[in-house]
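Just dropping this structure here.
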Amino acid sequence: MPDKTTQPSMDQFIETLAPLHIYPLWKQEGLLIRRPTTEAVPYLWPYGPVRERLMEAGRLISAEEAERRVLILKNPGLNGKPAATARLYAGLQLVLPHEIAPAHYHSASAIRFVVEGSGAFTAVDGERLIMQPGDLVLTPAWSVHDHGNETDTPMIWLDGLDLPLVNGLECSFFQPLDTKAQKLTRSDDESERQYAYGQLRPSWVNWTKNYSPLAKYPWNATERILLDALKDGVAGSPTDGILFEYSNPITGGSVLPTMACYAQLLPPKFHSDAHRHTTSAVYHVVRGSGTTIMDGQRIEWNERDTFALPGWAVHEHINNASEPAMLFSFTDDPALKALGFYQEQSENKQG
Amino acid sequence: MPDKTTQPSMDQFIETLAPLHIYPLWKQEGLLIRRPTTEAVPYLWPYGPVRERLMEAGRLISAEEAERRVLILKNPGLNGKPAATARLYAGLQLVLPHEIAPAHYHSASAIRFVVEGSGAFTAVDGERLIMQPGDLVLTPAWSVHDHGNETDTPMIWLDGLDLPLVNGLECSFFQPLDTKAQKLTRSDDESERQYAYGQLRPSWVNWTKNYSPLAKYPWNATERILLDALKDGVAGSPTDGILFEYSNPITGGSVLPTMACYAQLLPPKFHSDAHRHTTSAVYHVVRGSGTTIMDGQRIEWNERDTFALPGWAVHEHINNASEPAMLFSFTDDPALKALGFYQEQSENKQG
Amino acid sequence: MPDKTTQPSMDQFIETLAPLHIYPLWKQEGLLIRRPTTEAVPYLWPYGPVRERLMEAGRLISAEEAERRVLILKNPGLNGKPAATARLYAGLQLVLPHEIAPAHYHSASAIRFVVEGSGAFTAVDGERLIMQPGDLVLTPAWSVHDHGNETDTPMIWLDGLDLPLVNGLECSFFQPLDTKAQKLTRSDDESERQYAYGQLRPSWVNWTKNYSPLAKYPWNATERILLDALKDGVAGSPTDGILFEYSNPITGGSVLPTMACYAQLLPPKFHSDAHRHTTSAVYHVVRGSGTTIMDGQRIEWNERDTFALPGWAVHEHINNASEPAMLFSFTDDPALKALGFYQEQSENKQG
Amino acid sequence: MPDKTTQPSMDQFIETLAPLHIYPLWKQEGLLIRRPTTEAVPYLWPYGPVRERLMEAGRLISAEEAERRVLILKNPGLNGKPAATARLYAGLQLVLPHEIAPAHYHSASAIRFVVEGSGAFTAVDGERLIMQPGDLVLTPAWSVHDHGNETDTPMIWLDGLDLPLVNGLECSFFQPLDTKAQKLTRSDDESERQYAYGQLRPSWVNWTKNYSPLAKYPWNATERILLDALKDGVAGSPTDGILFEYSNPITGGSVLPTMACYAQLLPPKFHSDAHRHTTSAVYHVVRGSGTTIMDGQRIEWNERDTFALPGWAVHEHINNASEPAMLFSFTDDPALKALGFYQEQSENKQG
């Protein structure tokens, strides 16, 4: 029983704890949080002005530094942290004609989604992927990768990485390759030819890595699938319309262990149901225009814009146009699901 | 110590066991077998004469019985058992113009590989698959299926089933559907459009069945992959050349839980290494000609022929022509692997 | 349309097929079977008379042949086939004092359940398991095993193997070891000490085999669990009472890839619901007595009796006594489940 | 080519980016980090003085607030963050006689390891676990749990949670139960009786949760396994000695999706090899004394002390005594492994 006459004051008691590096739970704030909160906010980066700055950076940054000629999309709520959502990094990169980046590898996983230009390559694990607008290219954790633009036109792509996750969990490794470019051991786009059309697994390949052996998912096939589903009258998902996940042909799972990628079609006059989930996402508009309402805030989007959906934000998608709208997105689904942290909740529509 | 004077004779002893339904292990033969043995033999069914009989069957068998207008390929070593190898059934089926088969389902898994004709359909679980030569169609265990030929030309396909396995393990169920044809709930070839091109998983489908959601694997995509790999100079497997396994896009595994399907290209002047495995296979020649040596026996094969590889037979494939040869095959790999019964062994070449 | 005037007779037609080893499906019987049928029948081998014959075999069979001093329990319906059910082999083995069996390995999986005697050993993969009544010992596929009785009393155990499955699928390999006894590399019962008490995994062991690393499941722990569950008032399963599956601590799955083992307690006055499943089982009575009705046939069982449940037989268990009854059983569950062949159905009680 | 005469200065350029919330990668620091770095430091909390403060807290904190009478072990390097390592929380809790905590649940996973006292309970998902010193109790994510001390002596335990991970990933949910105590639906320690002794799975339980169904791992069984392995002369792991992982009997994997627990014995005169891994750990000394060198810093530990191993710290364990030392530890292994973030490296010994 507490004896009020002899007990020291709480403050005196707490002072005695500091030297031992212990602290009273009953004074500790922010430990058991009731609902997910994030400082990240819903936000859209319009393509026009960002592209203008990127082209200007092309003039400012020399070819030698070209591999770092990226504009990071920083979520306004995250106090300057280089992140689009709490766990996802996004950036727009410009590669000018005849620029070559040196090869490196790191423990962060990355994706590239091509916005402009045609014919530059990313090389991954000995294979060059020739890129066209809308193509998705994977540069998975620990894979050796570099890129080059041997064409006469600039190339712009969206970079997506799990860097806030990797760095937040203190698991970052990074290593430049000794030689500038990696050794090519496969034909250009060989994995695409082996895996991308049809569902056939090369029996002589014993793939045990934790990411997809298919390094490039071409947009032409993706768009056809979206339009075929629309034509078939597929209802899709009430919250996301016709939503396909890019998948690892060896496991059927997500393309990377920490990030999932999606191609999505919102049919004309589609207004999705609202929901929220712990996972966050970065969306890029490939075709059309529309509106996404996130935590009550309307974000109007147009072709080539990029926008961020924070975790646990209530959201719904609207396409008021008479043409289908198409979105690419990458998310942290696989990371949160692997930890048992995925939660989802239906909500009332906001718009 | 046995006391020789008082002991009964062994024969007397054994007589006393019969009423109890027990039997001495030391008298039992064929219990612990040293190496796999099979009565099945290497065998080839040439297309020409079999097709002739099949067309004759078209005249003998009425449209009402058309669903059973199949010639079973019986392995000569198996004493009349309806099986091409100890665990695989194969048959050639003819469907004449305007014939319709009633719907049914069963616990045996089946595949169809189209040999002749174009445009007839197999309907599986509410979806019609329109068939072209070389297409692979799955009618998995417990799926409702029927077929019909609404074209003006006959259609011939190769049926492959795990019936010897299902029946040998006493697990056969069979049920006709109450109505003649099943209800169609999807567009024609919808699963092909959703799964076959590119590697995208429809996120609104929660597929939990133990077989591929992709009901048809079209030949045109398959042949392109085979030829692309040849063009890429892919070495493939020493024992099988350029061998692709048709795969389940949801799991990356075999298309059916008991049978695997393969598309294979033997490059010009290719002579494979020899090996043996416990699994058995039925091969069908799609393009070209060549030789397979099995347990020392040379089998020469030409387009549209079908041949059987018994389990544990030493075998090697030879393509002496200047054109690539292409083989389709189905095997019992997944069944034996699931039980831990798969064994493989390198052998010396026989030819 | 068949032209009746010119067509050959069906019999003439069929005659032309034989040389080609093809056969008309429409004449083939027993191909698509409506419901599982088995020739195996429900049957019980009473311990008393079988033991008597076994002891007599001890006098007839010399120590040199002791490894084969087994009486096979043959299901009366299976025409002399060495099998207790269509897919399971069972036998009772006697090992006399000071007998030693030579080491061998095979592709069949085996279990031993000790019926009488105490202190003999089975050695598996370098470890000797000292056996007491009720202990379950695994001798998995491809594991090297032998046994010996260094005590002064005879030892009797029940052998269970998947031999009908292995042989039926033509996947049998068998090999004696060059030396009579295998080299011992671990302490006696080491795996039991590491795995059997508590749920702790030795982190320095990288176990990748497809069977349990725990080679012996001692009866004293098993019985305690059964009695604890009874005391806890656990309802268990309506069809099986308090039924525990012996499990592989590395995967949580069955102890062997083709066979599952169970320990079961039927509470006093328990009458289970009736059901049927495609899997078959061999039961051995460890404690008490009771009745199992199988396909309408009442089998009364007492301590140490063994009885067979054929696949798809409707069955229910009854314990009319005031003491709990305990059954050990082994089944082909994992094999049929791995192939997708497991089916189960509720039925009306028969007794 | 950059035109030096007309281009704006870099600073001017960067100023134009702020309104768009974009930022140049080439100016961004701390993005692609070469090797894991952590601010957490190796640190030991000696039991004696911490216990003293805890007993004092017992006088200061009323029974009503007892559920929060915990002293958080704060890593000195983490600037006051309530965490023992970057991803693990640890605290010591005192529960006085006759205190009862209200029930709640949360998305963080927790473990308890009993340090002092005997007979108090933690109730989890309807089952009370009666606790003895050395027992490990799981209160997994989303499980309803409370505790109470119905004995006459105080109870002290070590709490371990993945709170820094859950909060860092913004996935925290927390909910008090409406009623003070949860409804008990099982007998006390029922899961222990069902799962802890032997390896038997209750077949009537269909467990699909992502954590172990065994809520308490008793110390007496754990200690016996450690001592048996020592007696067997098991070499164990060069870096960790005789290290057992507490495992989930349903999957063989870690007890919780984000945290693993270990019981470890360092034999007399044992000096482990040195290594480092990305995962971090909190150790608690159950028996004996010894030294752990972490990043060159010698930490001497004695019974009931707790110490922190930061991620990627080089470390080795030494037991110079003639008695075995026993350590309990919990780590973030499963979280990092699930994300593909586990890396390990051998290092030279430091001591």
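Labels A, B, C and D are assigned to the chains in the order they are written; within every chain, residues are numbered from 1.
Keep this in mind: a residue touches a chain if its C-beta (ideal position, glycine included) is under 8 Å from a C-beta of that chain, and two chains touch if they have at least 3 such contacts.
Remember, predicted model here, so these are calculated numbers, not experimental data.
Enquirer: Would you say A-D or A-B is joined by more C-beta pairs in contact?
Expert: A-D
Enquirer: What is the distance, in whole Å, between the centres of chain B and chain D, each centre taken as the mean of its C-alpha atoms?
Expert: That pair's centroid distance is 52 Å.
Enquirer: Go ahead and note the Å separation of the Cα centroids belonging to chain A and chain B.
Expert: It comes to 43 Å between the two C-alpha centres.
Enquirer: If you average the CA atoms of chain A and of chain D, how many Å lie between those two points?
Expert: Those two chain centres are 31 Å apart.
Enquirer: Going by the touch rule set out above, what shape does the chain contact graph take here: line, ring, star, complete or other?
Expert: The chain contacts form a single closed ring, each chain touching exactly two others.
Enquirer: Please name which positions on chain C make contact with chain D in the complex.
Expert: 186-187, 190, 193-204, 212, 214, 217-218, 221-222, 224-225, 228-229, 232-237, 240, 242-252, 262-263
Enquirer: Can you list the residues on chain A that touch chain D in the complex?
Expert: Against chain D, the touching part of chain A is residues 1-3, 7-8, 10, 13, 16-17, 20-26, 28, 30-38, 43, 45, 49-50, 53, 56-57, 59-62, 65, 68-76, 80, 82, 86-87, 89, 91-92, 106-109, 141, 163, 165-175, 210, 257-258, 278, 311-312, 335-336, 338-341, 343.
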